[in-house]
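Next come two complexes built around subunit A: one with subunit B, the other with subunit C.
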Partner chain A sequence: MVFNSLHFLVFFGLITSAYFLLNHKYRWLLLLLGSCYFYMAFVPIYILILGFTIIIDYFAGIYLEKFTGKSKKIFLALSLIANIGVLAVFKYYHFIDQNIGFLSNLLGAKVHLPAFNILLPIGLSFHTFQAMSYTIEVYRGNQKTERNFGIYSLYVMFYPQLVAGPIERPQNLLHQFYEKHDWDWSRVKSGLLQMAFGIFKKVVIADRIALLVDPAYGDLSHQSGMNLVIAAFFYSFQIYCDFSGYSDVAIGASRVMGFKLMDNFNAPYLAKSLPEFWRRWHISLSTWFKDYVYFSLGGNRVSIPKWYINIMIVFILSGIWHGASWNFIIWGFLHGAFQVIGLTLNRFFPALAADKIQSTFVKVVYQIWTFTLVTLAWVFFRIPKFSDLKLFFKQISSISFKDSLSFELNTNEIILCLTLVILLIFAEKWQWKKALLKGNYFWLVFLLCLTSVYFLGVFNLKQFIYFQF
Partner chain B sequence: MRKILAWFSLVIFTYVLVCASSDKTMKWLSQQRSLQPEILRSDKYTFGDLYGFSYLPQFRIIKDTSKVELPTNVVVSLPSKDLYVLCDSYFYSSFVENPRYFSGVKNAYFTRWTEDTLVNAITLKASNSILLIECVERNALMRLKLSEVVNRITIANPIKKQTLPHQNKSNLPSLFDISDDVKNLLYHPTLESNLDFALFSRGIYRIFKELKASLNLQLFHRIDNSASLSKDGSFLYLKETVDSNLISSSFYAFNQQEITDFVENLNEINQYYLQAGFKKVIISIPANPVAILQTEEKPTNQFLNRLKNHPNLKVEIVDPSDSLKVKASQNYFKSDSHWNNRGAQIWLAFLNRSLEKS
Partner chain C sequence: MRKIIAAFVFLGCCYLLKVSVSEKSMKEITDSRYQSDDIFSSSKFKYGDLFGISFLKEFKIKKVEHVDKPINVDLLPRNLSLYIICDSYVFNPFEGKSDYFSRVKDLHILKLKHLKWAVPPFDKNKRNVLIFEIVLRNVYNHMNLKNIRSKTDFANLSNSIHSIPTTNTLVKNDSSFNPLGHLLKLIIWINQQISQTLYHKNLESHLEFILFDFDFLLPFKMWKAELIMKCFNRVNGAASLSKDKKFLFMENTVIPTLKGSSTYPISDLDIEEQVYEINLLNEFFKSKGFDDVLFSIIPNPYDLVSANELGQNNQLKRILASQNLKAKMLDITPKLSINAKNNFFQSDTHWNSNGAKIWLLEINRYLNSLQQ
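Right, the complex of A and B next:
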């Protein structure tokens, strides 16, 4: 079930009204059943995979509390192996097979893993990481073991963030299922507004931009260099509006029912450096890697070369998390490399470090530079085939201002998209959203949002880009 | 008050979801809607199916739903044939009501492609039974295969048992089959459009829908994804019949092998049903309206001509395309994907000529 569908509208209305009518004692059950229904709208059988993860981590949590020392470590390792194993089988099997095949071919042999045809379960990386954060936190003693199997299942399956995050931590979410959330109109208004913003970003901006980006990336050989530069520029906003739109709906829908999910985005394209970008983009994932991988490797409290290696490891893992394909690994590598280069430059020219800059003009130059690097990296994220990447950069290398421009969007649509993108940047710069979410002009803003969605939205039930991860 | 509101929304959302999840309730709902005053009545099909997609106000033309007139020049004396028909919506419901539309036909039996229940096995009563298989061009490649036809027309007393292609599948359902069954049980395949009908298909919303459609056409030169506006702006078409990337389109570039394979499929159907006891099998593939109206300023793929002229073809194809092209704009609705009564009558005349030869 996608958020930009009538099915979701009806589902959300039904679950939310039932939620507030029901005795607090049974609300978790309603949410759990609703989440199962929500997830099974994709491929019902995959709920068994979720069930497997849930059972493993539920019992791992219990044993982690019971044991200490080496045994405790073994239970954590078993739980992590089971979770990563599920990812390896369902997400990386073909990738591993392809690479084994390629390498064995180089050595003159033909080695392949046994054939295993399966579609990637939707949102697998998201709920697996959320489940893993539970066992790690129980192991570290930051979270008490959850004994109620239903509540634990709901922690992994809570429908608003089940398929594309935010990836929650047990300390933030689990206790909320025990708290009684009464109807609070100001909170409901704020939640509904955030949902409306999210849908607006998805169907008015992201899906309209997709009408330009998808055909351009789908037919690289017939695009001029200038066409591709513009498509790459717009893709940065497509993926941002698509993903942050999803997060907004997830956070808003949860807030309506009284749950507080963590923020996932904070004006990422206003970042003045790559490290700042990663503090603002997909916050729930970057903090996950920071908390569970980067710090475990020693973070920056190690020698400089080791620190740089830690950064590269985290970003390459982040690339692998996104998809079982070399282009994602390169994307992660690029981000890591940009950061390492930036840190090295900061060591030699400390006055030029982004956080030391005072001049507004230079700040804007840094923002544009950061955005350009991020956009360049998105090219690798968007194009899975090496041959297509080569073609992309070949076309770009012959760029000229005389290039003819031809897009699947007409001039009015391009003007609309540009206007909305500029508005979005200003709205984020001056934090209009935060002010509006307080609900002072609720009806005006809410109706304006819905009217724009209705009249200017693209309704083709296009899935959210991050569902594939 | 808050509780009343919550109960009210719970009841409404449950009602809508339940209605949209079942064909029976959707049928009931659409019957109920048709009895209501205009502002509450559904306008999905009143002005043609393509208006119902696009909501362009210039195409809000009331669709003529009068019955097709009975032909005057058909052979009615001593009707002796039994006609079995597998058809789609191009075969008007008035034809279903009266066998007198068809030359020399005593009894006529009908099955639609869209019937989701298997039709009872047919026991052929007369030796001069004729099978008519009608399917519009856009669905022809998908539907005109022996396995698809046999799913709808099963013969109880075939003269010779035939082995159907692709019958060697295991009887045990796989986990994915079960998963699909669960999905169909929980989520109706057309749930989204059913919900759209249940929630918004009322005359009162038309003004907003038309405003949106006009705005999108004027500003962005776009109409609904399922429809396409003809180059001269006078007709609406189904997008799938115009988009040259799709095999349902009249502009899809078929290679000769694809045509040959399709001809083999038709021959296979013909041979199977002749051996099962039919005297004759007639295939009718109404061309997509865009191929007849020729408004798109580009050549079509000549699908039907290439089919009819194929040296391997062994089955009769009823194709009134040339006659339909004469004053073509009078033979089709402007805001519906079908021919109008005039077009249907031209087709019927061709069919009757074929029946008379049988």
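Right, the complex of A and C next:
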């Protein structure tokens, strides 16, 4: 079930109304059943995979509390192996097979894993990571074991963030299922408004930009260099509006019922450096890697070469998390490499470090530069096939200002998209959203949002980009 | 008060979900909305099905599908039993009109879209004729033995059933027992059952119909269509505008990336596969006891109205020209091409009464030509 569908609208109305009608005692059950229904709308039987990881991690949590020392470590390892194993089988099997085939071919042999054709369960990386954060936190003693199997299942399956995050932490979410959330009109208004913003970003901005980007990336050989540069520029905004739009709906839908999920975006394209970008983009994933991988490797409290290696490991893992393909790994590698280069330059020219800059003009230059690097990396993320990269850069290398431009969007649509993108950036810079989410002018803003969605939206039930992860 | 509103929303949403996954309930709702003529009636097909997608006000027409009964149709004795397997091109104007067909005593129309057909048994005292009509865009999906067999096995048609053709490659017989394979099949079956019960494949369009398909909402839809057209030069939904902006086509008959489109590149091998399926169907129907079988593929309106506008794939022409084609085909393209714009609705995927009449005249000519 996608958020930009009537099915979700009806589902949301049903669950939310039932939530406030029910006694607090039974609400968790309603949310759990609703979440199962929500997930099963994609491929019903895949709920068994989810069930498998839930059972493993539930019991791992119990045994982690019971045991100490080596046994405790074993249970953590078992839980992590089970979760990563599920990811490896369902997400990376084909990729591993391809690479084994390629390497064995180089050695003159033909080795392949047994055939296993299965669709990737939707949102697998998200709920697996959320489940892992529970066992790690229990292991570290930051979270008490959850004994109620239903509540634990709900923690993994809570429908608003089940398939594309934010990836929650048990300390933030689990206790909220026990708290009673009364009807609070100002909170409901704020939640509804955030949902409307999310849908606006998705169907008015992201899905219209997709009409330009998808054909360009889908037919690289017939695109001029300038066409591809413009498509790459717009893709940065498509993916942002698509993903942050999803997060807005997830956070808003939860807030209506009284749940507070963590923020996932904070004006990422206003970042003046890549480290800052990662503090603002997909916050729930970047903090997950920071907390559970980067710090475990020693973070920056190690020698400088080791620190740089840690950074590279984290970003390459982040690339692998996104998808089973070399282009995602290169995307992660690039982000890591950009950061390492940036940190090295900061060591030699500390006055030029982004956080030391005072001049507004230089800040803007830094923002544009960061945006350019991020956009360049997105090319690797968006390219349909790894083998297409060569063609993409070949077309780009012949770029000329005389290139003829031909897009599936007409000039007015491009102007509309640009205007909305600029408005979005300013809205974030001046934190209009926060002010509006307080509920002032609710009806005016809410109805304006819905009217724009109706008249300017693209309704093709296009899936959210991050569903594939 | 708050609880009452919540209960109201809850019941409303439950009703919407229940109705939208039930074929029966949806049929009741659609039938009642299609038949009524008030502000709560449906505007989906009333003014042309492509207007019902695009909502461009220039294309709002009052659709009349009535075809007059042809003259000279009662001259010969009525001794044929005619079975027509067809899509809406023939179903809508000719359902239940056996007297429109020359020499036809009994008419049985089986709609391709329906999941199961109730086929009455043969009357052995009559000549049993089958006409298979289909529009070109649906050939890929519907004109194959697997699809026809899934709707009925025609077992009750005749006692003198010949053996069913075994040449088709669609069904693989695997006699070896494979427990893992059986488990996989069971899982797939369970998956399908859950999907069908809880999430109907057309759930989204059903909800859209229930919530928004009212005549009184038409002005809003037309405003939106006009805005999108004027500002973005874009037609709303799955419709496509002809170059002269006087005709609407179904988008999937125009776009070169979609199978069934008149511009989709088709290889000679694809054409031969289609010919193979047609031959297979022909063999199948004959094996079931039909005395005569005729195939009639209707060209996509885009092929005739916008001829030579974009590189057409000449799919029909190539099927008819195939040397392997063994089935009898009726090609009405030349007749429909004359004044083509007068034979199709400008905002509907179907032909108008002129187009239907041309087809009927050709069919009657064929029926008259059959052995007495």
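We take it that the second predicted complex is superposed on the first by the 467 of 469 C-alpha atoms of A that agree within 3 Å, B and C clash if a C-alpha of one lies under 4 Å from a C-alpha of the other, contacts with A are read in each partner's own complex, and residues count from 1 in each chain.
Basically, contacts are C-beta pairs under 8 Å (C-beta built on N, C-alpha and C of every residue); 3 or more make two chains touch, one makes a residue touch a chain.
Everything numeric in this text was worked out from a predicted model, so none of it was measured.
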- [ ] After aligning the two structures on subunit A, examine subunit B and subunit C and state clash or fit.
- [x] clash
Open item on the list: Looking at A:Glu413 after the superposition, I want to know if it touches subunit B, subunit C, both of them or none. Which is it: first, second, both, neither?
Closed with: both
Open item on the list: Contact-wise, after the overlay, does A:Leu107 reach subunit B, subunit C, both or neither (first, second, both, neither)?
Closed with: neither
- [ ] Scan A:Val43 for contacts with subunit B and subunit C and give back first, second, both or neither.
- [x] both
Open item on the list: In the overlaid three-chain picture, which partner chain does A:Ala115 touch, first (subunit B) or second (subunit C), both, or neither?
Closed with: neither
Task: Touching both subunit B and subunit C, residues of subunit A - done: 5-7, 10-11, 13-14, 17-18, 20-21, 37, 40-41, 43-45, 183, 409-410, 412-413, 416, 454-455, 461
Open item on the list: Using the touch definition from the top, list the residues of subunit B that touch subunit A in their complex.
Closed with: 2-3, 6-7, 9-10, 12-14, 16-17, 20, 175-176, 178-179, 182-183, 186-187, 191-192, 195-196, 199, 208, 211-212, 215-216, 219-221, 225
Task: Sites on subunit A touched by subunit B in the complex - done: 5-7, 10-11, 13-14, 17-18, 20-21, 37, 40-41, 43-45, 183, 409-410, 412-413, 416, 454-455, 460-461
Open item on the list: Under the definition above, what is the set of subunit C residues touching subunit A in their complex?
Closed with: 2-3, 6-7, 9-10, 12-14, 16-17, 20, 187-188, 190-191, 194-195, 198-199, 203-204, 207-208, 211, 220, 223-224, 227, 231-234
Open item on the list: If we count contacts the way the header does, which residues on subunit A are in touch with subunit C in the complex?
Closed with: 5-7, 10-11, 13-14, 16-18, 20-21, 37, 40-41, 43-45, 183, 409-410, 412-413, 416, 454-455, 461
